[in-house]
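Notes follow the structure.
Order as written gives the chain letters A, B, C, D, E and F; numbering starts at 1 within each chain.
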Amino acid sequence: MSETRVDGGLPRVLIERAVSEALREDLGSRGDITTDATVPAQATAVATFGARRDGVISGLDVAAAAFRCVDPVVVFEPLVRDGDRVTPGTVVARVSGAARAILTGERVALNFLCHMSGIATLTRRYVDAVVGTRARIIDTRKTTPGLRAFEKYAVRCGGGANHRSGLYDAILIKDNHIVAAGGVEAAIEAARVHAGHMVKIEVEVDDLASLKAALKHPIDAVLLDNMDVTVLRQAVELVAGRVITEASGGVNLDTVRGIAETGVGLISVGALTHSAPILDLGLDFAA
Amino acid sequence: MSETRVDGGLPRVLIERAVSEALREDLGSRGDITTDATVPAQATAVATFGARRDGVISGLDVAAAAFRCVDPVVVFEPLVRDGDRVTPGTVVARVSGAARAILTGERVALNFLCHMSGIATLTRRYVDAVVGTRARIIDTRKTTPGLRAFEKYAVRCGGGANHRSGLYDAILIKDNHIVAAGGVEAAIEAARVHAGHMVKIEVEVDDLASLKAALKHPIDAVLLDNMDVTVLRQAVELVAGRVITEASGGVNLDTVRGIAETGVGLISVGALTHSAPILDLGLDFAA
Amino acid sequence: MSETRVDGGLPRVLIERAVSEALREDLGSRGDITTDATVPAQATAVATFGARRDGVISGLDVAAAAFRCVDPVVVFEPLVRDGDRVTPGTVVARVSGAARAILTGERVALNFLCHMSGIATLTRRYVDAVVGTRARIIDTRKTTPGLRAFEKYAVRCGGGANHRSGLYDAILIKDNHIVAAGGVEAAIEAARVHAGHMVKIEVEVDDLASLKAALKHPIDAVLLDNMDVTVLRQAVELVAGRVITEASGGVNLDTVRGIAETGVGLISVGALTHSAPILDLGLDFAA
Amino acid sequence: MSETRVDGGLPRVLIERAVSEALREDLGSRGDITTDATVPAQATAVATFGARRDGVISGLDVAAAAFRCVDPVVVFEPLVRDGDRVTPGTVVARVSGAARAILTGERVALNFLCHMSGIATLTRRYVDAVVGTRARIIDTRKTTPGLRAFEKYAVRCGGGANHRSGLYDAILIKDNHIVAAGGVEAAIEAARVHAGHMVKIEVEVDDLASLKAALKHPIDAVLLDNMDVTVLRQAVELVAGRVITEASGGVNLDTVRGIAETGVGLISVGALTHSAPILDLGLDFAA
Amino acid sequence: MSETRVDGGLPRVLIERAVSEALREDLGSRGDITTDATVPAQATAVATFGARRDGVISGLDVAAAAFRCVDPVVVFEPLVRDGDRVTPGTVVARVSGAARAILTGERVALNFLCHMSGIATLTRRYVDAVVGTRARIIDTRKTTPGLRAFEKYAVRCGGGANHRSGLYDAILIKDNHIVAAGGVEAAIEAARVHAGHMVKIEVEVDDLASLKAALKHPIDAVLLDNMDVTVLRQAVELVAGRVITEASGGVNLDTVRGIAETGVGLISVGALTHSAPILDLGLDFAA
Amino acid sequence: MSETRVDGGLPRVLIERAVSEALREDLGSRGDITTDATVPAQATAVATFGARRDGVISGLDVAAAAFRCVDPVVVFEPLVRDGDRVTPGTVVARVSGAARAILTGERVALNFLCHMSGIATLTRRYVDAVVGTRARIIDTRKTTPGLRAFEKYAVRCGGGANHRSGLYDAILIKDNHIVAAGGVEAAIEAARVHAGHMVKIEVEVDDLASLKAALKHPIDAVLLDNMDVTVLRQAVELVAGRVITEASGGVNLDTVRGIAETGVGLISVGALTHSAPILDLGLDFAA
């Protein structure tokens, strides 16, 4: 069932912090008043997380942390791994312990798990759509504020790869930068002087003339923005493998395979993180 | 152009905190290395936020705070108000000041504005779909972790209303609570004793028998879950205005009007906050 | 000995955070310099928390967390439960482990326990004073900044109930709101439109004329402010059970029973949280 | 009207942080729903903080920060200074600006101001009670968790002085330390070696024999705990000015003068910070 | 006087946060008790930051923020720019305003400024030592916990460049990774699959055989660790410009030029951030 | 091997917080991408921290916390104690568990351990240089922002003592304070009134005339600033043991013994915390 091998999870310090904030958001200063009123403190329960749609799982460690943060004694057992495909009915995890803790932690656990799995699932659809081509599907910085690390991890769970993490770890020179710097050469030169040796430089171009201008300078990648498939193919041929090629703009599940078949190396899709619907998962209590 | 009057914005303390965290996420420890390298410190710019699709705006104060937090001297002028409808080409705000600050704050401002406007837009579609009925569209606790306040505000911008804020501010008795408490009467009685006098109590039921049982006790609302339209209509008639009625389950843009026409008072839609695609907005620099 | 059954404790995430802040406040950057200098690292001790006055206990989980946060190996055993009455000499908990950790955590544990138990104790005195009437004693938003969740929990431990948690979870329309809105009808109507369906609405009135005006509109509760007992009784009769009645103003241990005997449903007492003296508890080391 | 000159206020970084937390506590994720619904955004107001009892003011800077944090444009004008005595009717401050901001910030401002002024007022009563003696009234570490800096500042506003700030800034050797160290000499010697040269050492004794033992060693102060007035006078004579003398235990407004008349230098009163009722202040809106 | 043009400062959100924490560290809960006692609240002062040694300045924005955070009205005027060389007597900034605020903020401002300028100064000495060669001086991850952003900025002020920011933004494969992966080829291949396209890959080698093995695979840089100058020169020749070359190990001011003259591209120096003495700067008050 | 007995470690709450921040700094949002890519999740390892230079160890609890915070299952065993001297080759701790966790936590653990041990080592050199005199070596407030508690602890590990912790816990009257107060007598008197009884007062003087003036008033210590050895000896004689004497200014390893031989009680050395190079320690993996 396993599909994508995800190397390394999210740093534990990030998970603990995000889960703690989410619980404070849901519990407020008063806690779960329904459960506290109706469920005896000593009651125990066993419940299972089940998939209700086809998809790819992401966020099991985060869900586990949600329960642990409510009550360290609750036991959360994952039955699949992040990156695994599921179908309706697949049991993805089992949780057991105090009934109050399970009911109180349920929504925070699900909110992370469904959101992250939704991103992994949409990513996988794009990845599947380009199978057999050399193109990789990658994300963008168009993420939900506060959750970028979680969303980029989910993209990896779906078989995608990550573009830069933020403004700080790679250089992407766009139109406004070129204008401000006084031309593409000046911009690339400034970037090269400014960046450390471990920082890659990508330049965004939207036509072949700009691409030719950019390729005269030492860069690592070109972002071929909003080109139609014909021009994109010419651009890829023009690059001829000298730098990494990335396509963006107008990408959806209908267009992505055509784009991939131009031979472009990467296709970046903002929708992976800004518009993925959740994967529907539910928590069912054993009778 | 204005459609929905939104009473009161988000608390300033929440906005400042969320924006500051989002900037730290995007800027890391190194800042915007592309802009710092290529754009002169003294360069200024004027840019406008423009809509690229039909939709409803939400989050202008948050976008303003993003720029203010990068550079207190940048001027952000909203040209519409939260809750206003926009069409492709509508200019929603103008930002002017140091070119570096505008480029550096752009993505965080857009990530909030597009996400929140996406929710407002989807909410408005549901609200429009039930126009003329008495049903109101409401949200759920199925929100993105860390952003619930922002997402519930966006629902209001779209003309929807808010369900409870979290586990702490209202009681919603579900199946598992009833079982654990030993019956619907015991659960309601326990809730009534436990809750303060300003806390409302809602009970979830999924058939008419359960509804009748619940109505024997003093409650404020019933959540009619996953009933088909015929049963739902019977349920609404059975309630006969004594308590608030809420429908949930199987709600989408195709089904929502039929549900509304049963006479139910509220229709809760998890998708408003867990699956809304963004509203596409962009920042364009004046030549 | 147990008196009040408290449903559900404080959320663990709140306790951990508050205790950690309190320890940082007491330990500064240097720690407990007296204990570190004089007590050998390997010394162990057993100590008991004892009551020195009659009262009601609240805060045992918080005291336990204080020691756990200094040293996870210390064992804290509660011997009574939150909500229990104690008399001078009652041993409420036993703590054992490293002598240094016990001495270092003592004051933070006591400061929470004595403060919260003081509130529980004062609440219980009010609750006892109205026994046999139908009035419940409730708190207000006049709490110590940063500790509202803890203080409202302590009120519940004393047998009281909670008014709204903050400005966000219920509507309380006062004079200034009515004036600003242009009359009581306009204010209530605006509130009803603005509030979600799970939010209750209370209106403050200070005479019978205002009460009559308010009752013409759909509200959940009336706050009868600063009425003398005669007027208050008339007000309660006028309401005739249609909405919840709350009395406030001029409430103290001498007046509370008279107020309760008017038949009012709730009596709110700011002093519970803003002026309760501590319950005197001490930590005694076994010889 | 001014009574106590308070040298230096609270650090601004502390005030901003505490006020911001208190506002988040009161506003939650939804803000002031009553005010937002009923008060027009453009309405302005002027209101005054007035005393309703005799007392001493403390916390004006904190109250100012509460409004500034809700809305930077609100103007807060103090009309007295921290440490000033007030009587019923004294106007202590005027606030003007957006009516919404004033109503929303009111409770947080008052909660700080009433709590701190309550402590200042009680302190002043003790200070007045010992006037003419050489005794100073001081506080303890028995403070409300999270508010120690604010409470110790309030004690200074009432004319009192501060004992150590926490476990970290001075040494206070008590019984358990002496036992653990193997005697008073060993404890003092260990403390002297451990403490920096800027750290004072105080030893707690409860009879004259222990006092004599302690005085054989180089210490800065003795805490004469729970001695009756006769013994306390003998203790003060025995010390003969060689070290600072502090009395504690059994101190209340009836006993404090007798204790002061023994000639003791300091009288520490836990009740100043753990059991002071608030000073009743209210916010009145101009018609 | 200006030497190094530093592109872009530190993100404002980082500066505000670090300065606020540093002030809390120095002011504790009580503030500057010496200044509060001895300096009248209304006294004003003008003071200048002066260099007492030759060096390079870094941290002026941070020093400015320290004063602004104590008192927003204080005026801080830089008279040089970060990256400028100074000599004993150079006035680097002037600060004016309330005497209390200047005295209270002085140490935090100086602690940042002297620490950062110390790093910039040491970096500049290394940079000057290799002038005329093609080698650039770069830093490492051996930074002071919590201050990496500030220290890496200071390295840039001294004319150096930055290695990766952390474990997250570039791949550096060391011995243990190669062993764990089962050889250099497997390690590089795993890294290539795992890393996004904007992440560079560097491999550490310590002899020519390992270097040859690494160069067979697609990597961006090699870290030539602990090679003597003769071997290092052979390594550089062997690489022949195909990838970036970095030398590390045994680098000090005596050896760095010899290393640079091998033609290596980068020389990383842990001491820049882990062992730089401060640059001595002082604050002098105008008479 | 043990040299300095360090009474009491750093408060656990401080360690957890600092380590968690440092890990977030090094791991960013993406974690250790090299290790995640190349080291199998199930691989285990054993590694030892070894000294590469002579020095004194400080920070073992902090290093342990770094690994625990990455992975609670990693075992960290200290083999020496803080304050112990080490020589090249001394194994100071052994760490075992998941290879990924050890590699990921390595740098944060080392950055604390090397920095703190560097300070302990430099302190020990000063302490050794004055052995046989009565002078103690003490630190200053010239610490690295955010790490003062850790650095002052390291000074104690090196056999030094601590000056005040911050501006808040002791009074140090300098030139500017005296001028502002209107003379040394006024300054001391103001300080005495302002300070609590547990706060010591030190006055800085730079010549014998000022010293004589200061000694007329009740103070605890004098800071003899920048006096040459001859004058310093006269100053010490003039004080004649009545107050603590501290020398500062012009202190280095060449001058410190001469200064100590004047009989001065304390010698404060800013370089201990602002300019100590690290102690070189490394982590070696068992084959």
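For this structure, a couple of remarks:
Just so we're on the same page, a contact is a pair of C-beta atoms (placed from the backbone, for glycine too) under 8 Å apart; a residue touches a chain by one contact, two chains touch by 3 or more.
If you're wondering where the values come from, they're calculated on a predicted model, not measured in any experiment.
Common neighbours of chain D and chain E, listed by label, are A, B, C, F.
The minimum number of touch steps separating chain A from chain E is 1. The distance from the centre of chain B to the centre of chain C, each centre being the mean of the chain's C-alpha atoms, comes to 32 Å.
Centroids of chain E and chain F (each the mean of its C-alpha atoms) stand 22 Å apart.
Rounded to a whole number, the gap between the C-alpha centres of chain B and chain D is 44 angstrom.
Looking at chain B, residues 7-8, 25, 27-33, 35-37, 148-149, 162, 165-166, 168-170, 190, 194, 199 sit in touch with two or more other chains.
Interchain contacts join each chain to each other chain, per the touch definition above.
By the touch rule above, chain F contacts chain B in their complex via residues 25, 28-29. On chain B, the positions that touch chain D within their shared complex are 7-14, 148-149, 152, 162, 165-166, 169. Against chain E, in their complex, chain B makes its touches with residues 20, 23-24, 27-33, 35-37, 41, 69-71, 100.
Across the interface of their complex, chain B is touched by residues 18-19, 21-22, 25-40, 43, 45, 99, 103-104, 107-108, 110-112, 114-115, 118, 141-149, 165-174, 176-178, 180-181, 186-187, 190-191, 193-195, 199, 271, 274-278, 285 of chain A. In the complex of the two chains, the chain A residues touching chain E come out as 7-8, 136, 138, 161-165, 168-170, 190, 194, 196-200, 202, 220-221, 244, 246, 265-266.
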